[in-house]
Amino acid sequence: MSEEFHPPASATLHPDRLLPADPATRAIARRLLAAVRALPIISPHGHTDARWFATDEPFRDPASLLITPDHYLTRMLYSQGVALEALGVQPAGEQGPPPDPRSIWHTFAAHYHLFRGTPSRVWLDWVLTEVFGTDTPLTAANAERTYRHISEQLATPAFRPRALFDRFGIEVLATTESPLDSLAHHAAIRASGWPGRVITAYRPDPLVDPQTPGFVHNLARFAEITDTDTFTWRGYLTAHRARRADFVTAGATSTDHGHPSARTADLDPHAAEALFERVVHGARSGTLSSVEAETFRAQMLTEMARMSLDDGLVLQIHPGACRDHNTPLARRLGANIGADIPTPTQYVEALRPLLTRFGNEPTLTLIVFTLDESTYSRELAPLAGHYPALKLGPAWWFHDSPEGLMRFREQTTETAGFYNTVGFNDDTRAFLSIPARHDAARRVDCAFLARLVAEHRLPEGEAVQVACDLAYHLPKRAYRL
Amino acid sequence: MSEEFHPPASATLHPDRLLPADPATRAIARRLLAAVRALPIISPHGHTDARWFATDEPFRDPASLLITPDHYLTRMLYSQGVALEALGVQPAGEQGPPPDPRSIWHTFAAHYHLFRGTPSRVWLDWVLTEVFGTDTPLTAANAERTYRHISEQLATPAFRPRALFDRFGIEVLATTESPLDSLAHHAAIRASGWPGRVITAYRPDPLVDPQTPGFVHNLARFAEITDTDTFTWRGYLTAHRARRADFVTAGATSTDHGHPSARTADLDPHAAEALFERVVHGARSGTLSSVEAETFRAQMLTEMARMSLDDGLVLQIHPGACRDHNTPLARRLGANIGADIPTPTQYVEALRPLLTRFGNEPTLTLIVFTLDESTYSRELAPLAGHYPALKLGPAWWFHDSPEGLMRFREQTTETAGFYNTVGFNDDTRAFLSIPARHDAARRVDCAFLARLVAEHRLPEGEAVQVACDLAYHLPKRAYRL
Amino acid sequence: MSEEFHPPASATLHPDRLLPADPATRAIARRLLAAVRALPIISPHGHTDARWFATDEPFRDPASLLITPDHYLTRMLYSQGVALEALGVQPAGEQGPPPDPRSIWHTFAAHYHLFRGTPSRVWLDWVLTEVFGTDTPLTAANAERTYRHISEQLATPAFRPRALFDRFGIEVLATTESPLDSLAHHAAIRASGWPGRVITAYRPDPLVDPQTPGFVHNLARFAEITDTDTFTWRGYLTAHRARRADFVTAGATSTDHGHPSARTADLDPHAAEALFERVVHGARSGTLSSVEAETFRAQMLTEMARMSLDDGLVLQIHPGACRDHNTPLARRLGANIGADIPTPTQYVEALRPLLTRFGNEPTLTLIVFTLDESTYSRELAPLAGHYPALKLGPAWWFHDSPEGLMRFREQTTETAGFYNTVGFNDDTRAFLSIPARHDAARRVDCAFLARLVAEHRLPEGEAVQVACDLAYHLPKRAYRL
């Protein structure tokens, strides 16, 4: 039946999508976009699966590729009464029969209207149109036809991970791994002869956050992997240093830290050692206090910055999410099922200990993100507009959307400038959406710049240069790629 | 002299008011507006006086109808040095001669320029033009003529409450009453044979907030009305259940809760009972602590949600106002004279106990409002974009203005979508402004949607559907009307 | 070589800069701007050096005039790795050879691209073009030519402080002095016969903030200057009253208070006296607690308001900056080198004691500023839209930029109106940027008003009146000039 599928003439995206409506401003934005739309994609921070590129196996089906793992999608349907199980989210530990991907697809298609006005709609329309050439919008009526068409294409060589990587024009793609990960997939990629640059990033949260389930067990595994006594402070730090070196070998240029807050600490070595001992003991005995855990995470950011001065890894802080807010759901389905909620986050006092210690270091790069947009103009832009080590990560997670990206530029540029920002992060596990997200981010930046030009705040020639810097040069430089 | 009044040709509102200036976007917005402007008004939450519709007596005069009870107006003049008494606000308990409405009107007219750029100006221009056909803007020069013209019209049958209700195209109008209210006016409306649908809403704050003056007295009256021992926890809850049932009979489909914060609690039954006993004792003896009062209010939101699972009432939370901030003025003129000030409000931890208990219930509808716009993108949209029970109330009070309504859409849509919102609430005691407010809200939504269409983020056909949903279908569905 | 300098035809600013791109809206904005652009400049709050106008000596060189003292510029270059010393910032107490201004200029020019999209770029382009007639943008290539050209002009009479003051159309310019300042420069200006109106403002922070280094020493100097025992509460207050009277004589119409928070207190006289004694003792003995210091600052705002009721000085509160966040830098280079960072600031409870005491006084004017934009719509506009004494200062410091000024209007106007705001403050020590800043602020206000007109929310005739009020009449009236 697939040969009968004829994408209608309407299955194209409007070339001016996301550009301002005013004709003069749009004309400028089009010219800026022409300068950046074909630039290679730098994806310095994300969560795709290195296995895809190691094995290059075909993606299994449209639902497990596009829907089930995408929290943006499943949370919206859940909020409107659709059970997560009906979207393929499996109860924790359960090994039931795999859910039927066709049924998931149909359920999703019937709720596509929920995404009107959301970035998911922008990205999905791009994927459906540009990658698969199907009708958009997805509807209950075209769901079956679309499902078959995508399924058939996924079975072809052109839709395997490496082929898509090349087709998408990705120059470098970073995944994120725990120090406990073997990095075997990255080794396999390098050994394969395929020239695609897929690198890792060092995400030590399971070893740095004593409130992680299994923290003590993780320390023990860390000891095995590094052949070090990770239950002493000195050994623990040594193990991090060793493992960071392994990650550098696997291409890493950055570390990443997803803490509940942005708090940092700069204890003297004895106090830090005593805290570590207390943390280990407390985690073992179940007597760890929240304050101890928070202080340890805070201290570890400073320790990581200290190591970065030696090994050159860029340090990223992604704070401010309340993880697994929906306790009953977490109990039934496990962690990370789309119930994380941003919280008010403060940076001025939180970052001060780390910045006092290392903020003036010209060779350190510390990239800070936020889920609390009220900090853009109040705290983050002023901090980044002063400290040499500090750069602003782009609009993140709930805010990496057309409106969110625009607010980021509107609220940070006047104080931090463009050159204390680091371009775009797609930060996604939805591989196929990566070019869609970069496309959207480039369009929003061009829209912002076009307004500056139209309002005679920036000559167009300079705007072109900024657009290219934001799309390509700044992320390369900031992430040392 | 009234027959000599000839509204000038300019006494019309511009048909494109509040629509975006860009011609292409405005053309789209016009088409969207054409689809929604004549839809009936759903007013599911407000503060008009049921007596108006029960007695259908003529409104007394322009000042007592349009100025004295409208805090938006009196607070602005007060901020510029006009005494509230000069606007008809009477000292608490004082029974002096009624203020002269003509003098109030003239004072107001002389200060009409203060409202430039405010929503009051938008609403008042609508009322003066569309309801009364007078000149706008109101000025000192035309004040006398306008006053007479309005006065004369108010004396005619076409300007009685029921006639205006019909003329305004109101399909349903909710008022708000305390459980201590007799609901006699609502009974009279139903008995009158007039088909206008005026319903009540259950607002138990005087019985739920132990810091309300007269709390113990209120409990005693609650006991009388329900013939229940409201001084025991069990009896108190039973009385609420009984009174909610009475309200349902009077058409109620919702409850409403105006707490200082959004805090909720989920105590075990014994702890809740002990807290209630402590609250009653503390209120009687003047020894109630702020923490006890806050915890009791918090617990009662969860109790109300539990009752909603049985009787189907939609639960509304309107938190975050510091009531009667101006102590000297409150002492002189009483509560509720326009000196309430929004405060920073947190939702993520505050709502967690209630959401953990009932947030996954598909049959519960919990509508949350805010006066703290920084929570739109950070907390409220992410919560509503996840929990099945949670919906976002529209921009509220200080923010139900053209800019405020637009910020609400810009900052909530990308994460919560349109379908986790519930359309517009006018939330007003200013009856004549109701159609003005719905008109403005529809125009702002059409303006927002038109931009999405103009930027090729949403096809126009879908935007029409969303516009109709926001104006009519979503409030009907969310409030179960 | 200077005569060879020919500013290119392009060395003009676009007449429509900062106006909206939409043609219809821009046409309106142009008409509004035509009504205000030539109005005299009212500069009621700033930090220029009275000595300039007292001595009327030529400015020394381009770097020490335009770069070294401007934190907006030096912080941006510092954030990108340029040492502050290379920009002429001298280590604290060091008396080394003066840095070479030509070298500073070249360093700055080579980094001019960092200011793309910032207000500094807008202001500097104005200064370079309108004041000096040089090429813009500044580049490494034209740096030498530009430096010479500016240097030569600075040596001419037309570029002396008083000549520029007159050329800029400044009607009144306020500087800010400590009570410990002799006001000799202001006396010299008045004695000089030059008619330029340069007035002072009373900034008692060094005597009001017990955490100021040298606080006890300052009290002792205060005693000498006022011949009063400033170590008693009564004498301390008397000294303030006396010194305020001196400032009034030197033209002052306002006081100014730069506190870490907006907290106010209203202690009874005995408690206030006891607190003062404790503060003096604590400051002497190094045992002052943060709470004591904060409470004392809080109380002093209320004391200052009380004095304002007598002497008519307008009271300004500029809260919410974390001063000298970068401790190592402050240690090396001293205070005030561009490392101040805004912090979350609360107003509702903080201002309550002062407002309860004096907020209803019609003769008091209290102008409040913020660095926390989340308070515009949540706290400040509602407070200013109610209290007769309270007015909103304009967008401040990090936010007195095109986007920041626009957000201020968008987020305050609907609740506070235009007439509870006080026009623009340039708040700068960069004298030459004053007309640039007023020009930008007028354009942004016209842009905002033009949108209201284009969206049929305000008739154009009224918008013209508002534009003139914002640019000229409101600051004159609010600051009693």
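Things worth noting here:
Per-chain numbering from 1; labels A, B and C assigned in written order.
As a working rule, a residue touches a chain if its C-beta (ideal position, glycine included) is under 8 Å from a C-beta of that chain, and two chains touch if they have at least 3 such contacts.
The structure presented is a predicted model; accordingly, all values stated were derived computationally and were not measured.
Chains touching both chain B and chain C: A.
Homomeric contact chain A/chain B is classed as different-residue, with under half of its interface positions used by both copies. Between chain A and chain B, the centres computed from C-alpha atoms are 40 Å apart. Listed for chain C are residues 20, 22, 374, each touching two or more other chains. Within the complex formed with chain B, the residues of chain C that make contact are 20, 22, 24-25, 346, 348-349, 352, 355-356, 359-360, 362, 374, 377-379, 381-388, 390, 410-411, 413-420, 451-452, 454-459, 462, 465-466.
On the side of chain A, the complex with chain B involves touching residues 13-14, 16-23, 75-76, 78-81, 113-119, 121-122, 137, 322, 325-329, 338-344, 371-374, 398-399, 401-404.
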